[in-house]
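The two complexes that follow have chain A in common; it is paired with chain B in the first and with chain C in the second.
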Partner chain A sequence: MDIAHIEPFIEATVGVFRDMLGMESQFLTPYLLGADLKHEWDISGIIGIAGDSKGVVVISFTAELAAEITSVLVGHKVASDDPDVIDAVGELVNIIAGNAKKGLEEFRLSISLPSIIRGSNHQISWQSDVPIVGIPFRTASGKFHLSVGLENIISS
Partner chain B sequence: MNVLVVDDSRIMRNIVKNALVHHPRFSSAECFDAGDGAEALRIIESNKIDLVLLDWNMPMMNGLELVKRLRAKSEYAKLPIVMITSESAKYSVIEAVKAGVNDYLVKPVSEKALVEKLDRLGI
Partner chain C sequence: MQAKVKKPAALVMDVLTSGTNSALEAGQRSRVVFLNSVTLAGGIMIALFAALNFSVGNLPLAIACASVSAIVFANFAFIRATRRFLAGGAVDCIIIFLFYLLLAYSGGEAGSGVLWSMTYPLIALFLLGPVWGSAVALSYGGAVAAVIFHPLLNKSGFPPLYSARVVGTYFFIWVFALIYETVRRATQARLLEAKKQTDDILAGVYDGIFLMDRNFRLGAVHSKRLEELVESTDPAGKPLLDLLAPALAKKDFDAASDYLDLFFAGTVNEALLAEINPLSEIGLNFPRPDGSSVSRRLRFQFIRIASAASPFPLMGVASDVTDEYALKRKLEAEEKEHKRSMESLFQIIHVDPAMMREFISDTEAELETVSDLMRSEESSGAEVLETLFQSAHAIKGNAALLGLQEFASKVHDYEDSVKAKIDGGHQWRDLLELTLALADIKKELDSLKFLIQKILRFQSETKTAGLRDGSLLTWSIEKIVKRESARCGIPASVRFEGFNRDSVPDEYRKLAKDVIIQLIRNSFAHGFEDKRTRAERRKDEAGLITLSVAWDEANVTLRYSDDGRGLDPELIRRKALSLPEFSVKAKTMSAGELGKLIFHPGFSTAESAGLGAGRGIGMSLVKRRIGEAGGKLAVRSALGRYLEFVVSLPIPRSAEAVS
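For the complex of A and B:
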């Protein structure tokens, strides 16, 4: 798997967690996602990518970690069903996708507004002809997951 | 000083406002909020705004479109506008500067970085 074009997303994620949340994060081995793969996450933020490539960036959390991240951002404790959690997850995926563009400047890319899917074991159906790379992360507060697909840029 | 903070994320608006008013020089700034460019335009047209801190990707009217509309009107030709956005690519910075922003910050933004930018603008 060619991960050269995945590195900007990894760097953006680590940077955002460190600089915005004060959390150290480590990425684990990237892997290729299968279609309609079941997973353990409770909330996902999704951003579409268009331009010189088409694709998607998804960040997925457990409800607990999403609430903890939101609590850091708003400065007080929030529950996992607080509306600010949706705002926080959307803004995180927006910043990660936007920051990653700096490492992909040879491609002119535009990013969509984020969408949020909430619910345990929610399903995300991927475009079948675009390889999606899964990147697990861990923090001291728990795991989360980044999924990235970019047509003709990230290859299997 | 009246400052308009424009971002579709309420959390980001609060982070930017807090970064600004936390600094002694801006502690008395009155902050206005807008969740998109269209709402921001209405606020600017109805109030005396001295500084706009503006996101790019927003619904209804994005930040770039707002900048172009403002700079097309002579009364807003000199309104200080700082874009605060996740868009990190050089071509985005160039596009924003061509549209008329005075300066540009990539999120996540710190109080230090924001105040330094405003210092350089003489605000």
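For the complex of A and C:
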């Protein structure tokens, strides 16, 4: 896993949170994510990556943070089960993916349109032979989390 | 010699084609044959006419005819010599032009001479092509019209309406001849193009493609490559099996012969036929005229042609699979070799898979512990780094002792980078970098695991070694001592006291192993003296490590001792004085206090850090691990004689129940 492939996603995420939502993100210690590890996320956006590196970047949110994000975006308070939440998170992840793309221009990488998964404590089945790195963040309104499982296809 | 004895038909063909025979394509050839026929027939006819006139004494006409005849024969010779067919055709056209005009003018029987004119457009178009032919034919039409319409020239006395019909008929013949000729030329060109493409394909394709008739004789059209594959310059018309016979074993020849017959049995389906094809991959040895032979492996496929009425109802495709076959053989041989070398490798290293498996599961557990700590939000970055460092050290030690040098040095590098971050301060980015590097180590571990599983499977297949039962712990300690002894070049042995299957509770198995490994490394790095010193101190040349376990009501006590140089308080003091942290305190420390310094993180008396020792982390790891398990650690030492570590751990609940 090349840090240069991952940093653009982190920068894009933190940047979008700061610029669009006015939320400052605090970095927490990254860790190795066991393949079967259950977590407490309620909604996740999945971005596929192909090219020099192959794999997936997942951005996960708690229901509270997702609702808060939606509230900021639509301009009024929404509940966490509001249908707008999916759209708002989808749009947010889409923008993050788009911004990350700029940072990845120097590599031969292409990234997919994000898909959104919702459900409390949903589980993501990762490719078993690639270690997954979890990168947690804290904002004033709740936590979010980047999970990265990338496999170098062409080692530099 | 043979060329001179020609059959009459061949001779006629030679004359009519001006010696080109079949060299020209069919369209052009028919034109040349026509040209020569017309020329010859005309020349002979006019010569006969001249002879007739000579015999009746009509001298002027006879001479005229003879000279025209001479011109016509000269033209024939000219065509034959130069093969300028268009020029020859033009000469013919002019002569016929004048001759026909003469016939039209002279009239003959009831003015029927004009009827000859009707063939002129056909002759002109055929000999000169649509453009020049039309020009000539239309000029002739004009000339004839002038002759039969002009009262002075119209010898036969045709009424004007009759003449008009003659001219009209002539015109129609010209039109239809033109249409026919144009269509014919276009078709010819298309056919020619298609044939050229087919020829190119057959010349370029890398397989031997051919058609066979019901007697399995090859058709005339086949790909060029076929000739090379079956070593025959002209396979057309020969039965396939005759071509292969000199290169084919008798058994295969019979099988192939029976097989081909099935294609016309009608009852056997295509898929089955393909499956039982004895020529699907066949080794052939073609003898060469010079006595050598060429070996080739060919794959033949046979396909029925769909149209049943075809004179060649079977298509064959032959491909050269010699290289493919050789590669396959080579791969098989290599795989065999690989398996053999794996077997010998296994015998040489004689890795005990159970031990390896233990290493893997221990390391996985270690990584999980670290990851849990990293995940916990309570832990600070510094704490995480410290744990990463110690874990890496423990993993490295285990790996090195099992002889996994590659993996150990990878972890060693990791340890270095963690150390750099601890000393140089860290950012969040550094933590991410370390986590990613940890992920790489995890991946490496996964592939090791895969390898070990493979070895295990291999073992159970070959049954060269069984799993050991009994105390894996003592056995692996022995192994580790042996390996470390070989690595450091110091002979040593280990003695166990009170060890049995249950003497170390399961809960402490990993802890005991981690601790003992560090202590063994310590003994070899710092304890055992060189041969000379040991001899001076009246010690055995081989170092001795003694391990014992004892239980009392509350504790299980593990004693580890070596008969090395023991702790040297002055050496420790000197080292401590060089470190800013202890430089003042060390001056006044007692021997006991100095002894405790070896457990301090970052303290080592070794000069430089290597895979074996020198990080100053091993002893602090021992102390920390024991502390975490609620145990106590004591050190006893006599300078120049021995060093003993006493580890006492509370008896775990589960073991209490058992005892």
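One rule holds for everything that comes next: the second predicted complex is superposed on the first by the 147 of 156 C-alpha atoms of A that agree within 3 Å, B and C clash if a C-alpha of one lies under 4 Å from a C-alpha of the other, contacts with A are read in each partner's own complex, and residues count from 1 in each chain.
Methods note: contacts are C-beta pairs under 8 Å (C-beta built on N, C-alpha and C of every residue); 3 or more make two chains touch, one makes a residue touch a chain.
Note that the structure is a prediction, hence the values are computed from the model and not measured.
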item: Fit-or-clash call for chain B and chain C when the two complexes are aligned on chain A; value: fit
item: First, second, both or neither for A:6, with chain B first and chain C second; value: second
item: Touching partner for A:95 - first (chain B), second (chain C), both, neither; value: first
item: Touching partner for A:77 - first (chain B), second (chain C), both, neither; value: neither
item: Superposition-derived comparison: chain B or chain C, residues of chain A touched; value: B
item: Contacts of A:111 with chain B and chain C, given as first, second, both or neither; value: first
item: Distance of closest approach, chain C and chain B, by C-alpha atoms in Å; value: 22
item: Common interface positions of chain A, toward chain B and toward chain C; value: none
item: Residue ranges of chain C in contact with chain A within the complex; value: 367-368, 370-372, 374-375, 377, 379, 381, 384, 428-429, 431-433, 435-436, 438-440, 442-443, 446
item: Footprint of chain B on chain A - complex, ascending; value: 16, 19-20, 70, 73-74, 84, 87-88, 90-91, 94-102, 104-105, 108-109, 111-113
item: Touching residues on chain B, where the partner in the complex is chain A; value: 8-12, 14-15, 57-59, 85-92, 106-108, 110
item: Complex contact set, residues of chain A against chain C; value: 1-3, 6, 10, 27-34, 129-136
